[in-house]
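Before we start, here is the structure in question, set down as structure tokens.
By letter and in written order, the chains are A, B and C; residue numbering begins at 1 in each of them.
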Amino acid sequence: MSALRLLWQAVRLQAALSRRSPEHALVLLIAPMQTTTLLALTLAAHRADVVANAVLAPGLIGLWVASLDYAGRIVTEDRWAGRFAALIAAPVPFGLVVAGRVATVVLVGTAAFAESWLVAALGFGRPLTVAEPGTFAIAVAVTCLAAIGTATLLSAVFVVSRARDVLQNSLGYPFYILGGILVPVAALPGWLHPFSRVVFLSWSADLLRGAVHGDTRGWPWAVLAVLALSAASMAAGLWLTRRYVDRTRREGTVGFS
Amino acid sequence: MRSVLRIVRESLILGFAEMSAVYTWRTWTFGWLVRLLCQATFYALLGRYVGDGATMRYVLVGNIVVLACLEATIVVISLAGERRIGTLPLLAITPSGHLPVYLGRGLQWTVTGLTSSLVAWCVLPPVLGVPLPWPRAAYAAPVILLILASSYGYGCALAGVALRTRGVEWLVLNLAYGIVMTFGGVNVPVTVWPAPLRIAVNVLPVVHGLQAVRGILDGAPPGHVLRLLGAEALVGAGWYAVAALSMERLVSAGRRDGSLGHAG
Amino acid sequence: MEPAVHTRGLRRTYTRRRRATVVALDDLTLTVAQNEIHGLLGPNGAGKTTLVEILSTVLLPSAGTARVLGRDVVADAGAVRSLVGLVLGGDRGLYDRLTARRNLLFWGALYRLDGRTARARADALLERVGLGDRAGDPVEGFSRGMRQRLHLARGLLHEPRVLFLDEPTSGLDPVAAAAFRGLVRDLRAEGRTFLLATHDMDEAAALCDRVTLIDRGRMLLTGDPASAGRFLGDGECVDLDDPGPALTGPLELLPGVTGVEHRDGGALRVHTAGRDATRRVLAWLLDRDVLTARRGRPTLEEVYLRAIGDRGMRV
């Protein structure tokens, strides 16, 4: 089977699964409400210059939630550990299956961007215009890649830790702060900066806002940083899952999720 | 009365037993509580970024108080579980009826909700550099309790919806809480909304209670605060009435059309 | 003495999607005497659960009346609820995170038992259903049989006089099912009445004083399981092991023989019109040196299969 076809099969599988369970629409439900909250706060403070932050943040949150959702719910629902053993034994590259399924979920996350834009345009009469569409498109693409990498890493962490619900609930807001998705990292206390810079959201948020405002100095470096972080998290995720499967094999608990 | 207290007690034991399946003391404190604190901090930081110290305090107070509502409405999830495990017909035919259990099934969330909003109330303002006027700020505690009670009624009423349709409990929960969070005067005063919306939000829990909290902090006259508390209590009572009616109908309709005994 | 259960002209319909009406119970008239174990037999979808749900006030009838110990299940539902216990089959209906004992205390509170009574009854019932050792364990680790026994204990908590059991032994292994039946017999000895919905013929034959066979919401027959054969007409039968083909033809022509049935392993069953015909067949066989013939009665299972017909897997 060609890599593309395999990828497509994984996308279709995930689309079919997501369609049947309404809770996967959660991201799409939250984004408009979040945009409304953030925009109202921004506009009530007469800060038209921060509108871009308020419109972009729900999209980034949507992506992050989608990644968490994939890692925390979808994978566990499918008794992933058991299937994983079968998958790495199969003659197809496992990474492609993961990527295909995550991609669908991440696509749902990116729909949050669109919703957010619509709320701003229709609800508040503030259609957001992008000064540098080319850079913006690149920024969105690498951000999606990073979300896929993050989802892979998180799914491994969730399975290994077995404290899925706790992690899934806890990994949201701390990262929204660290990721500077609304309040730029520069406005956070200095000691937080190093932590922020290992969260891909911080680079993505700066990049996206820069593209909207037309201030994209040093954007290739930011793109490289996002790419490096997504590669690192993907690699770490695959390494962790392999280690986990090896351990379950050794301890005879394959299929235990 | 004693039998009602016993039902409340048994429901709480059940609730905490189910909670302990997800959380230990440590994961609750460092996972869930920290998440809630971060949520309030996230919005407060935005408040400071777009405005000044006063904006930040406004947003922070709103986001701490609304935590009580967030937790109380989780009753939606607990109640939807009753259909999944198939206890609805058994509950319906007990002499106490289904109502005490329906109203008692999420009580553990009111206990944790009170804990987390009070912890946030004491910890976050000094940490974020917007201290509250103590000891006056202590009067907020009973108001938060009232908000918790009215939000719980709101959650129970919406649980009636979640019990009718399978698999929507998370959507209902997030919608219920999200509407309050967005339009309930948490981050921006309700006066910024267009007139129809401004009137409609009066039926939401939190709205009047939160105004009362802000009044207490700003040293508003007691009569004004008491009127707001009365309104919050009235809204809460209304939601309990809707909840009771909705669940009564769920059971009576279930007995008529046979949907009570099925898995949903 | 008034009957434990009495229904007259009971009918229940469901409106399903696209407004199609499904008749679950059709003009059912049934009487269950007090202190009886009454089996409710029928294939899936026959209306057994619907009947149990109506009698336990979970479901309202569409027409007709149903009374439990003289109380109407619609007009006097409150009184009926304190008289009846409902025991559902299967894995559902228990709180997995709670211990067996806490499950019972929870329901004790709902049945308005005071604390001391609830604790005493919970402990006694757990002992009685053989869960005394596991009372403090969460239900999530329980086997099917243990769950079923806990369901029974739950149903007995408020000491009901009439118990409705819906498929209580489905999915149990034979030992657990036998233990469960022993428990039901003991409880009957205390004066309780049981209405037991099942499709296990052996269980019905072994346990029930009387059985009622329903299909598509209609009653096909009711009576004691041992003489259920009578419902196939006043028939009896003679069983023969491998009589050889020479006998089959003449047997069919004997007076009073209503049919000859070939069975597994070459055996033959000769259906007769009654006692006299049976005697004639046995004498005729003795004359021909067939010494293995014996008088038989159709089993409950045969009655069931005959009455329900060869529907195979269709429901």
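The criterion applied here is as follows: a contact is a pair of C-beta atoms (placed from the backbone, for glycine too) under 8 Å apart; a residue touches a chain by one contact, two chains touch by 3 or more.
These numbers were taken from a predicted model, which means no experiment stands behind them.
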Label-sorted list of chains bordering both chain A and chain B is none
With centres defined as CA means, the chain nearest the overall centre is B
Separation of the C-alpha centres, chain A versus chain B, in whole Å, is 29
Chain A to chain C, mean C-alpha position gap in Å, rounds to 56
CA centroids of chain B and chain C: separation to the nearest Å works out as 48
Among all residues of chain A, those touching at least two other chains are none
Within their complex, chain B touches chain A through residues 22-23, 27, 30-32, 34-35, 38-39, 41-43, 45-51, 55, 59, 167-168, 170-171, 174-175, 178-179, 181-183, 186-189, 192
Within the complex, chain B is touched by chain A residues 21-23, 25-26, 29-30, 33-34, 36-38, 40-42, 44-45, 47, 50, 163, 165-167, 169-170, 172-174, 176-177, 182-183, 187-188
Seen from chain C, its contact residues with chain B in the complex are 12, 14-15, 49-50, 53, 56-60, 78, 81-82, 84, 86, 88, 90, 92-98, 102, 105-112, 114-115, 118, 138, 154, 158
As the complex stands, chain B meets chain C at residues 2-3, 6-7, 9-11, 13-14, 17-18, 20-21, 85-87, 89-96, 100-101, 255-258, 260-261, 263
